[in-house]
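Presented sequentially are two complexes of chain A, the first with chain B as partner and the second with chain C.
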Partner chain A sequence: MKAAQQNFRFDSRLCNVTDVAKAARRLCEENAVCDAHAAAVELALVEAVNNAIEHGYQGEPGHELAVEVFLNDSAVHVTVSEQGIGMAREPSGELPPPDQVNGRGWFLIRRCMDEVSYKSERGINTVYMCRYLR
Partner chain B sequence: MAIYFDVRFRGTSLRIEVLEARFDARVGDALVNWLSMTPDIGFDRVILDLDAVEFMDSSGLGAIVSFWRRFRDSKEICIAGVKPAVRDLLCITRMDYVLPISVSTQASYTGVQRQT
Partner chain C sequence: MNIAIRTINRRIVVALSGRVVVETAGDIRHRLHTLVEGDNRELIINLSEVDFMDSTGLSVLISTNERAEARGGKVSLSALPREIRALIELTRLHEIFEIFEDDLAAAGGPACVEW
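Now for the complex of A and B:
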């Protein structure tokens, strides 16, 4: 497999999430990433972008999001960046009780990806995620 | 206006059929909004039909939790037509322990079949 990369910049609207997720999934499929890995990457990407829109930008449209997907023989790397309200620390990703409506996004990100990190520097908040292709 | 789900009565059952392949924040918000405006009279059983759904995220799952919380004390509930990707999500979030899930859509009209 050759290395491949695709970058996306888009407005902070939930209706844009599907297009970015489908494009990332297609990039995986075109580069022979198996369905299980591609599905996990797609779900983690959707969760990270939803969090960026809903929490980073408080659901407001008109703000920019950047997503980068890079893959090679060994892994798929995804970064999601926004310039909204950052978090004081990386969420633990614990599974909430069954009757809690929200709060499963970070759990799913950690479940889907092998490496996850969050940083907030100079006003830019970035989630980095990596799934090993083994 | 997008139509995300179809609602039909059949006997004493109410079936809510999600029409979108992606059960995400857009569809989830629409379902939660509909639940908040709908009186729970005229039916004993309520079925959430996910047969068309190929992808679900935590927002869709949150909407299912809202559906479950709304009807769990007063109605018989079934989450029907659950495809593998949705089932995987319900399993890894351990919601399969609390939600009455059926792979079939037709069986859900005659009674809840819990698949384990």
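Now for the complex of A and C:
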């Protein structure tokens, strides 16, 4: 597999999430990433972008998001960046009880990806995620 | 996202299709809550044509079940695609939903289908 990369810049509207997620999955599929890995990457990406729009920008359109997807033989790397309200610390990602309505986003991100980190520098908040292709 | 409704053995079956995600969740939530808050507290949700679901989609299922249970009913899930079943099990939602292979099994026997 050759290395491949795709970058996206888009407005903070929830209606843009599906297009970006589908494009990222297509990039994986076109580069022979198996279904299980591609599905996990898509879900983690959707959750991270949803969080960026709903929490980072409090659901407001008119702000920019950047997503970068890079893959090679060994892993798929995804970064999601926004310039909204940063988090004081990285969420733990614990699974809530089954009857709790919300709060599964970070749990899913952590379960889908092998490496997850969050940083906030100079007003730019970035989630980095990596799934190993083993 | 499409929503189709039919009746089997006097149980309402709601078939969702497409992506059940944050973008579509509001409409789906409204439709499902309206059903369980009417006379349909025993709801079967068929997910066979759902090709992607995120955590907001899961929230819609849970909140619908919560409302059904508050009225003495419940929500059952049927015909889960492999990826959706994996998501339900990963988040332990099989502990609150009964899951069936198909709508007939969920409706409890030989079918009298009304479209």
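The working rule: the second predicted complex is superposed on the first by the 134 of 134 C-alpha atoms of A that agree within 3 Å, B and C clash if a C-alpha of one lies under 4 Å from a C-alpha of the other, contacts with A are read in each partner's own complex, and residues count from 1 in each chain.
Operating definition for what follows: a contact is a pair of C-beta atoms (placed from the backbone, for glycine too) under 8 Å apart; a residue touches a chain by one contact, two chains touch by 3 or more.
Fair warning: this is a prediction, and the values are worked out from it, not measured in the lab.
On the superposed chain A, the two partners chain B and chain C do not both fit; they clash.
With both structures placed on the common chain, the touch criterion links A:His55 to neither chain B nor chain C.
In the superposition on chain A, contact of A:Thr18 is made with both chain B and chain C. By the touch criterion defined above, A:His63 lies against neither chain B nor chain C after alignment on the C-alpha atoms of chain A. Put simply, chain A uses residues 14-15, 17-18, 39, 42-43, 46-47, 50, 54, 95, 98-102, 104-105, 107-108, 111 to touch chain B in one complex and chain C in the other. On chain C, the positions that touch chain A within their shared complex are 19, 21-23, 52, 54-56, 58-59, 62-63, 66, 83, 87, 90-93, 95-96. The part of chain B that touches chain A in the complex is made up of residues 22, 24-26, 55, 57-59, 61-62, 65-66, 68-69, 85, 89, 92-95, 97-98.
Listed in rising order, the residues of chain A touching chain B in the complex are 14-15, 17-18, 39, 42-43, 46-47, 50, 54, 95, 98-102, 104-105, 107-108, 111.
Partner chain C is touched in their complex by these residues of chain A: 14-15, 17-18, 21, 39, 42-43, 46-47, 50, 54, 95, 98-102, 104-105, 107-108, 111.
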